[in-house]
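Read from first to last, the chains carry the letters A, B and C; within each, the first residue is number 1.
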Amino acid sequence: MEEIHFWIGVIATIAFAITGVLAIADRGVDIFGVLVLGVITAIGGGTVRDIILETPTFWSESQMYIWLALGASVLTFVAESFFTQPQIYRWMLYIDGLGAALFGIAGADKAWNMDFGLPLGPVILGVVTAIGGGLLRDILAGRKTLLMSHELYAIPVTLACCAYVLILNFSPQYTIEGSMICMLGSFGLRAAAIYWDLRVPKIFITKTR
Amino acid sequence: MEEIHFWIGVIATIAFAITGVLAIADRGVDIFGVLVLGVITAIGGGTVRDIILETPTFWSESQMYIWLALGASVLTFVAESFFTQPQIYRWMLYIDGLGAALFGIAGADKAWNMDFGLPLGPVILGVVTAIGGGLLRDILAGRKTLLMSHELYAIPVTLACCAYVLILNFSPQYTIEGSMICMLGSFGLRAAAIYWDLRVPKIFITKTR
Amino acid sequence: MEEIHFWIGVIATIAFAITGVLAIADRGVDIFGVLVLGVITAIGGGTVRDIILETPTFWSESQMYIWLALGASVLTFVAESFFTQPQIYRWMLYIDGLGAALFGIAGADKAWNMDFGLPLGPVILGVVTAIGGGLLRDILAGRKTLLMSHELYAIPVTLACCAYVLILNFSPQYTIEGSMICMLGSFGLRAAAIYWDLRVPKIFITKTR
């Protein structure tokens, strides 16, 4: 179990760094910008979560995640033309969705275990863990953030974090199974959105004037 | 006294969430963006203040504010056409100004009581509490921030926080009266700015080139 | 030694505030915006560093830096036409580069002494100290950030922080000399970039599409 989480975390960090760099690469960013934005995409959400939790930043205790993000960013810089192939890019999107699903549940779990602002706190910090890095990247790169798109990206994570908090509260004996199911549900919804190009239905969007 | 503060806090949180959502609604934001940006407008400033103060985020101890902000955001999403009526919107601006006045003094008060960086610290954190949430919303929504407008919004708050710190320092026996007067002064100035559409005089603005 | 650092810190803070204000002055910013953006440019990076380090913000313990930044910002507002003279502005750029060099090494040093996430932590926080304030200013002012330019600004700082961490690790007996050399190297590279208008070579920039 631990091991599965570990490996999904490794894969997710790499995928976040790669998709993070790809998202800004077409603007002509230098290698320093690539490294910073790749790393921030991968570890920014968890960093903000840890700041709000008043706990040491996770990467100050285990730097593996930064090394992974640095490596993946350099790789993406060098092999950009490989990763921008439609087929490969699509794969990256799926892995990125898997990463968001894991990071969301992992963030909620950490907040729950620290007794942080139950019941809303873990949901909020799960979402922050999953999308915070991408938001920071977009702000620093001057891009429109996820919040202003209509992508089905954060909503699956939010629903899964809500479900996970309900499970932790009402059926704590099913924590492990619950975390797996919530993660799969979150990923499944995101994968469906990528596959069928689903977006937030118009009825849930404010009218532009 | 406590009770008055409590109720102004409740009203201010709701007003911040409503004006926060209204500020970005015309760009076609989905319900997730509405919730996040509404909540961030309402509680973002206090969150940044608490992070700088190294004290637990206020909403981790009392989630009422988040529920209020969530509720007000959903309400604004559903009843957008009600709130955008000029008459109602104007009312919201006044209540928002009252909220900023209260949040400013409350933020300065919290920093003062924690002995944080006297005398400048409480002024800075009062201003952060009052305008931080709006700044975060504008950054995430890709809007021009308050700092680049010439609105008389932050200046009344800043002056009131300065006055309040002077009172706390030189006439601590008048803390309660002082906080009320500073709040009213801050709100009065803001209300005058809304009513007469006052802006920062040209002489206090850098020349564009 | 201490004294040299102190004076470079004073000069750097003033230079950061001045160049910070000059960077946004041409957009027509009011005096409140000038003060906030000037102060944030000067102390924002160190503030973020201290938040990540979970240590009291440096300016809560010594407010001199804020007063200096406030004074320099007002001065720049009043005497804008003086500072925008090409000759003077160029001087400011050099002093700003000296400030970045010092802030980088000072930030890395603080993280190292707190045993924060060795070996990568001090490098990251050194860079954050040096460029964080400028990034915050640009985000709040709606400008393109440094990360999206191709200026040789952050790279010298990063290299110097890496070198300094290596010295701290392998030759701790040369800490003082090492810090001076790294600072001078960082400044020298930046000064060369200003003088000859050097930028990041094209080969280190992603291709725009």
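Here, a contact is a pair of C-beta atoms (placed from the backbone, for glycine too) under 8 Å apart; a residue touches a chain by one contact, two chains touch by 3 or more.
Treat the numbers as computed from the prediction; the structure is a model and nothing was measured.
The touch graph of these protein chains is complete, with an edge between every pair of chains.
The angle of the rotation superposing chain B on chain C, based on CA atoms and rounded to the nearest 5, is 120 degrees. Chain A and chain C have CA centres that are 30 Å apart. Contact with two or more other chains is made by residues 51, 54, 139 of chain C.
Looking at the complex, you find that chain A touches chain C at residues 25-34, 36-37, 47, 51, 54, 56-57, 59-61, 63, 66-67, 77, 80, 139-142. Only residues 51-52, 54, 116-117, 119-121, 124, 127, 135, 139, 144-145, 147-148, 150, 154-155, 158, 200, 204-209 of chain B touch chain C when the two sit together in their complex.
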